[in-house]
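Letters A, B, C and D name the chains as they come in the text, with residue numbers starting at 1 for each one.
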Amino acid sequence: MTLTNFDREKGLARLATMERIRAFEEVARRAAVDEALVLGAIHLSIGQEAVATAVIEPLRRDDYILSTHRGHGHTLAKGADAQAMMKELLGREGGCCGGKGGSMHIADFGMRMLGANGVVGANITIAAGAAHGIKLLGGDQIVVCFFGDGAANRGPFLEGLNWAGVFDLPILFVCEDNRYSASTLTSDMTSGNVADRARALGLPTTEADGNDVTALAATAAEITARIRQTGKPEFLHARTYRLSGHTYFDPATYRPEGEADEMRATRCPIAKLRGELVQAGVAEGDLDQVRQAAEKEMDAALDAARDAPWPAAASVFADVQDIGSPVEEAF
Amino acid sequence: MTLTNFDREKGLARLATMERIRAFEEVARRAAVDEALVLGAIHLSIGQEAVATAVIEPLRRDDYILSTHRGHGHTLAKGADAQAMMKELLGREGGCCGGKGGSMHIADFGMRMLGANGVVGANITIAAGAAHGIKLLGGDQIVVCFFGDGAANRGPFLEGLNWAGVFDLPILFVCEDNRYSASTLTSDMTSGNVADRARALGLPTTEADGNDVTALAATAAEITARIRQTGKPEFLHARTYRLSGHTYFDPATYRPEGEADEMRATRCPIAKLRGELVQAGVAEGDLDQVRQAAEKEMDAALDAARDAPWPAAASVFADVQDIGSPVEEAF
Amino acid sequence: MVRMTYADAAKLAVAEAMRADPTVWCVGEDLGRGGVFKQYTGLVEEFGPKRISDAPISEAAIMGAAFGAAMAGTRPIVEMRFADFALCATDELVNQIAKARFMFGGQSRAPMVIRKPMGMWRSSAAQHSQSLESWYVHIPGLVVCCPATPQDNYAMMKAAIACDDPVVYLEHKDIWATEGEVDTSLPGRFGKAGIRRAGMDVTLVSWSNTANLCVQAADRLAEDGINAEVIDLVSLWPWDKRAVLTSVKKTGRLVVAHEAVCVAGFGAEVVATVAQTMVLKAPPVRLGSPRGLIAYAPNLEDQMRVTADMIAAAAKKTMEFETA
Amino acid sequence: MVRMTYADAAKLAVAEAMRADPTVWCVGEDLGRGGVFKQYTGLVEEFGPKRISDAPISEAAIMGAAFGAAMAGTRPIVEMRFADFALCATDELVNQIAKARFMFGGQSRAPMVIRKPMGMWRSSAAQHSQSLESWYVHIPGLVVCCPATPQDNYAMMKAAIACDDPVVYLEHKDIWATEGEVDTSLPGRFGKAGIRRAGMDVTLVSWSNTANLCVQAADRLAEDGINAEVIDLVSLWPWDKRAVLTSVKKTGRLVVAHEAVCVAGFGAEVVATVAQTMVLKAPPVRLGSPRGLIAYAPNLEDQMRVTADMIAAAAKKTMEFETA
């Protein structure tokens, strides 16, 4: 990626997405830590914003994505409303899941974001199935399924990739490798490596730097175009790093001393892109404005969420199922 | 494998094992078809006898094996008593599982055969665990886990191989590839291939002709010796063919016409070994005697099983669990 | 009215639904060759291999992928082969399919029929014989259906395919070949029990094949002048409480019978519900399997069975109680 | 007598068992850092990473491998992190571990403790909050234990480790930090209920954290002059029928309360068993969650909870029934 073909507009758009993700999560963290407004666990993707941003950029609005417990970034990048998401994290009325799901089940079906998932790896077969549905219905959409390095040790990884390969389904599996599975170094619990597994399962596989949003966006554009054309599955292994703890309250003391600090200093995807934009002639002040706009948006989202009421009590019995009432009838 | 280093004694021993397996299953099939003595489904390994014979040959008595629904051959090769097995198939007293398990759950813990399994692929993680147990206890035994080509599409394949790789466990995984998963051609439902999956999971992997018992025994001896020495897992992919149907009552009409006949004519592992023995100077009559001895043994096993009584009624409530009675107590 | 088997009745329902709605499809191992119990025979010829889809031996993926395809707008019929193997896809069914609509605040639906052939089938042993219907009744988000007759296997299959909720559809393996009259104009209704036989003396409640045994038991009881009312619940969630309570109010006597393990089986729910509502003329009876395992040997296996004779004997005992 | 938390009580039991028997070991994700609820903190320092073993995110392999290791002569303690994730290992637990000994005619044993932290834990939502104890009670071959106090979490954990059967050991996530006195000389016994409070008027039956709520309810009832007997079943299989029947014979009134979904919950088994045995002074009551899903928003989540007030109110109603 030389600066000659660097696209400033695209760079600024990516920066805006990454800053919005970062700001959303920083605000959510503050809401949790300082105000105890977020009651459940939230998993921040701070440091990983480039993957969501780059991979989702080439998608159409009617393409699907599926995410994990660490899904704020993917959801925002797919176009979900930050305020509805923040309300969801606070369990309020107007939350994108009506306050029923919280951070770990965030979803926006309008944007074809088919949900975060509280079970590691479970989204892999479901995503393959969404692609199967597209194929059966004769659509030309594609599916992107995000998961972590730890998920590659669960059975659904094999079953879901095999499924996509056997049925020739239009899906991109993205392993967002942030090195850790909760407090465990994933490599200590992994025999062989993830990319080789995907290759052995018959999927064209690309390995990429997940913190270089410019290069990754180009790669993702190529891959997703190919998938839309061939209708066949591919795999992307993106190396990144989780700058925050596993949950917002995890001090992450299991990491080697200084590791996170060094990564923050040298490998922050936002800092990297800012550097490229500056080199391309964008003024620092313009970049700061992008950040400030994102922060303002997310502060406002939190204000709105803070002021939102709790969900209506009766809503707890809605959306369980059509047939059979959740409450005992008297006779 | 040239005839110069062909070991006649070993060849005869292998022939005896293969003929015993073949005869056991032919007798069991007759007992099922002609006499309706076998009430549940039985899965015959006719045509696959070389895998069990060759791979188990180098094992010690205190090494473990685990098998599948198609487990008669492995069980016999590990040294189980044919009569107790036949009684089990007939659900009789004196059956190796007391008539409680039948063909699909055949086991002989005395011979460290830790059971056939009615759930495809489920034995893979269990076998890894047996090897884990050996390691924890400081033993020098090894484990061999047999499964079919179809099992490589289940999650436990990934989870079990990864487990063995991560914990450095003394286990040999053997994929006995007979091309079919029940009535489905496995390759139609498999993306990539099994051996590559094992390699990607970090396991040294050998691909072999599963119908050439002489060559396979040499290969298995090497691999198992290495596992005992290094304590590390390996993978063996053995190509073979199921000459019978999936179950004894399956006419296997889903196979291309003539396929089974051709395989029977050209790739029968017993015929192949007989040819080698004849070339090595063993008289045809001696070989016939090996077969006759096997047939006689198995006929006698069936006679004994036919005459055996049903299990004692009370035994159905034994061996459920120590704590808590299976029958309701009155108060 | 057409005479057909329990297997063919469901097949007819599937075929009709597939003709009417191109988004309905079936997926499972070996379906292209008719499925393991031949309950799909001929369908691939009519609908092709995309809509009668084979699958790898990947129960978790079959369940999970069908769910994804349901969210993407199709209506999958999932074949689990044996109810026992469905346990390989428990996370998919219970944590994902049953919960998604609620967790996502109503944004998604999972219109799926999950077929799980259940129950004892001579000498299939402990891993191929289970009846776990009470598990699924306990899981919010799931509809649970256990048809006992060709008529109900036709009508309820149609209803299940039409339903926007995930339906755990438990067919009994031992009655695939049972024949009966099917009126294809009768609609299947969840939560509506069938009164298989009307009677005044004692209420027999059951579902799946044990409902058929209850009818046999009622025939025998009739010979002794006892008029049993046989209630076939057909669906367990929702279940027809009203039919049971109305009947027991009339008879004052209750026998609930099922093939599953008695302890923590759905029979406990029925008995508890009745006991919370009314006082009976005789203690209610539950019949189910001992809390033991299903053996291969037929004589051992039989000891785990609830039979028509046991049901009749239990009913008689409730009759004698009054006179005691 | 030592004062300690519910979490530490189990940890002490584990540590003592590991000291006494070198074949006991623990395996699960993140155990080397103390486990997700810190219930293993410090153990890796004493016993090393082989015996306090980390694991890949592979619940099926954790369960399956532990089973294999049990058959090979070790005594594994399996950590499932959240009871919900254990559903990823259902085949392993139900089709393999629970059935092996029987299927193999008594040749094998599975001396395993399978720890499954259960229940609601503020705003954990539908995939991290389930109580599925009734499932496991329904599965022959499994022992099921739901301790409610530090004392029982110590004593029953010791008993579970010593037991040669697979024990599904359900600790409640909401009471890890609850403190209580522990007498390490008291043996844990399966099938022996604890009478948490003696009383003559009404019997409250429960287990796990809801047993603690029953004690609170009994305190409130006492203020109104009602003497409730609180029975904490502690283990659900085997369960102490005798204690329940003896108490209800005395009081004539029964309230069973649990956190799990009421429909097809274990409360149904308790009520059905009592109803089959005796006639009460007032209709028995079951309290459990509606058959709905557990939401993230606290006000919605609370609607799925059984509270001490609800238990007290139900008990009062059984008292008033008599006088009505």
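Criterion: a residue touches a chain if its C-beta (ideal position, glycine included) is under 8 Å from a C-beta of that chain, and two chains touch if they have at least 3 such contacts.
Computed from a predicted model, the values in this text were never measured in an experiment.
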Exercise for the section: Name whichever of A-C and B-C has more C-beta pairs touching across its two chains. Expected result: A-C
Practice task
Could you tell me which chain lies farthest from chain D when each chain's centre is the average position of its Cα atoms?
Solution key: B
Completion exercise
For the pair chain C and chain D, the C-alpha centroid-to-centroid distance in angstrom is 30
Problem - Length of the line joining the C-alpha centres of chain B and chain C, rounded to whole Å - result: 36
Exercise for the section: For chain B and chain D, let me know how many angstrom lie between their CA-based centres, rounded off. Expected result: 40
Practice task
Pull out every residue in chain C that's touching 2 or more other chains.
Solution key: 56, 58, 60, 84-85, 88, 91, 95, 102-103, 125-127, 140-141, 237, 277, 291-293, 295
Completion exercise
Residue numbers in chain A touching two or more further chains are 95, 97, 99-101, 105, 117-119, 153-156, 159, 162, 166, 188-190, 320, 324, 326
Problem - Residue numbers on chain B that touch chain D, as the complex places them - result: 64, 66, 95-101, 105, 107-110, 114-115, 117-119, 122, 124-134, 136-137, 155-156, 159-160, 162-163, 166-167, 318-326, 329, 331
Handout entry: Residue numbers on chain D that touch chain C, as the complex places them
Key = 84-85, 87-88, 90-91, 94-95, 99, 102-103, 125-127, 132, 134-135, 137-141, 237, 260-261, 263-269, 271-277, 279, 283-286, 291-293, 295
Fill in the blank from the handout: As the complex stands, chain D meets chain A at residues 29-30, 32-33, 36, 54-60, 84-85, 88, 122-128, 262, 290-293, 295-300, 303-304
Exercise for the section: Sort out for me which residues of chain C touch chain A in the complex. Expected result: 23, 25, 50-51, 53, 56, 58, 60-61, 63-74, 91-92, 95-96, 100-108, 140-143, 163-165, 190-191, 237-238, 241-242, 245, 277
Problem - chain B residues within the chain C interface of the complex - result: 39-41, 88, 91-92, 95, 97, 99-102, 104-105, 117-121, 150-151, 153-155, 181-184, 188-190, 254, 310-311, 313, 315-317, 320, 324, 326-328
